[in-house]
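Can you read through this structure? Questions will come right after.
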Amino acid sequence: MAEPVRHAVELEVRYAETDQMGVVHHANYLVWFELARTHLCAHSGFPYADIERMGVILMVSGAELRYRRPARYGERVRVECWITELRSRSLRFAYEVSRDGELLVTGTTDHLWVQRDSGRSRQIPSELRVPFSRLAGESS
Amino acid sequence: MAEPVRHAVELEVRYAETDQMGVVHHANYLVWFELARTHLCAHSGFPYADIERMGVILMVSGAELRYRRPARYGERVRVECWITELRSRSLRFAYEVSRDGELLVTGTTDHLWVQRDSGRSRQIPSELRVPFSRLAGESS
Amino acid sequence: MAEPVRHAVELEVRYAETDQMGVVHHANYLVWFELARTHLCAHSGFPYADIERMGVILMVSGAELRYRRPARYGERVRVECWITELRSRSLRFAYEVSRDGELLVTGTTDHLWVQRDSGRSRQIPSELRVPFSRLAGESS
Amino acid sequence: MAEPVRHAVELEVRYAETDQMGVVHHANYLVWFELARTHLCAHSGFPYADIERMGVILMVSGAELRYRRPARYGERVRVECWITELRSRSLRFAYEVSRDGELLVTGTTDHLWVQRDSGRSRQIPSELRVPFSRLAGESS
């Protein structure tokens, strides 16, 4: 079985992302995870903005974060993202935030495919099945 | 001519609103202004959430802020809001943020009435004319 | 053994907290958790701002969130917080976000006591031992 | 007299930056301005993080924004920044946010040089005079 596709974005810590502790406020890592997820989805050939235009939402149903070391203003960090679980109605992404090869924060987010207008959980849209299976490293 | 209705909200500075300077990051005042504006609109009898449900948006077209003194984590601040200009297609709100009577930040925001689906500028919805004139302190 | 002290804050969903899905962006719940935690600490007689002035930081080392139902702009939500684990060097808080008695989001955050200047993990400051034991519902 | 140095950053609109209007929330442009300002300062040879380590803060004393067209999730925007006014104790930056050459938002921010420990207004540090004069396009 193949490995999942890992995709990384590089970003620069913004001043507004710090708090009075002098480090990045812990809520911002969820925003960075999301940016990396956006890039990974785009990599599948289906930018997330297009998925929403299809009337489908990848709703967040859970998240977990482990903070090991803080990021600071002005630093460049790398956020890596990949799929660790792909089911018909849900999927899980994993993340690693690092700076110069040093691991700062890890996490996962769980998502449900949801029909935008009804708000109901649904199966992955058929046109996304193959591209997401490839992202997940499954033989399709 | 009557004075405009002034409405105030009290809020508590959140840790996430601070930055590494140890004070509230300057972008958050726009968020606080918005909260006070929400309360002022509700005061007119038309909560802003209801206005959007009517298919109309009060789009921000401009903003101006003067920062005199910083607010800090854990403090309670008061944000006062009132209408300073009411035209058929636009309006301006003014704001004062204070702590224990001491003025911290002042500002204004300019808004256009916009039709949600077309994205086009429009006149104030007829049912809002009287309540907003009252807010603005105009004899209707 | 006594129950931990549960403390709740009520807050009003801000427009800026929503995203284009039309609901509160999932990262904001960590900010709300923090606000409830601030209130719980204040309840111990030691406002968190004072704890930081003592040169001690309650650094976030982990977080977990389960999103059941979304909160929306203009709604009032209640965020309840209590301590579920109290050790000499760390503690865990749990949270429930609800709206009119309906559970929206649950979560936990893990924290380490850290000496501000050195950045090193440390034991809970001695003056906080009794008040935090009481919060945790332990007979002290 | 020379023109001021104009510096631009490219950034990608994040999902968390949108609001339920489906566009970027207006407070985020101040965060983007700040990112462009950070890059411009770095261009002077004095990264802003280093300036703060010198014990000096470039405190925001005012801001003005004009919103012409909204940015949306997934788009790439360009934020250009330059100095329009340089005095001994204060300076003003101007900004233009554009997408594919189309102007979206313009603005300015005013800043005071402040001594970090005392919180007092002060003159520009002597080692920054020449580099900032160059940024401002003044013959030094």
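For this structure, a couple of remarks:
Per-chain numbering from 1; labels A, B, C and D assigned in written order.
FYI, contacts are C-beta pairs under 8 Å (C-beta built on N, C-alpha and C of every residue); 3 or more make two chains touch, one makes a residue touch a chain.
If you're wondering where the values come from, they're calculated on a predicted model, not measured in any experiment.
Note on interfaces C-D and A-D: more C-beta pairs are in contact across A-D. Farthest from chain A, judged by the mean position of CA atoms in each chain, is B.
Put simply, the C-alpha centre of chain A and that of chain D have 29 angstrom between them. Between the CA-based centres of chain C and chain D the separation comes to 34 Å, rounded to the whole angstrom. The set of chain B residues that touch two or more partner chains comprises 15-16, 20-21, 27, 30-31, 34, 73.
Within the complex formed with chain A, the chain B residues making contact are 15-16, 18-23, 25, 27, 73. Contact residues of chain B toward chain C in the complex are 12, 14-16, 30-31, 34-35, 38, 47-49, 72-74.
Note for the complex: chain D touches chain B at residues 20-21, 26-28, 30-31, 34, 52, 57, 59-67.
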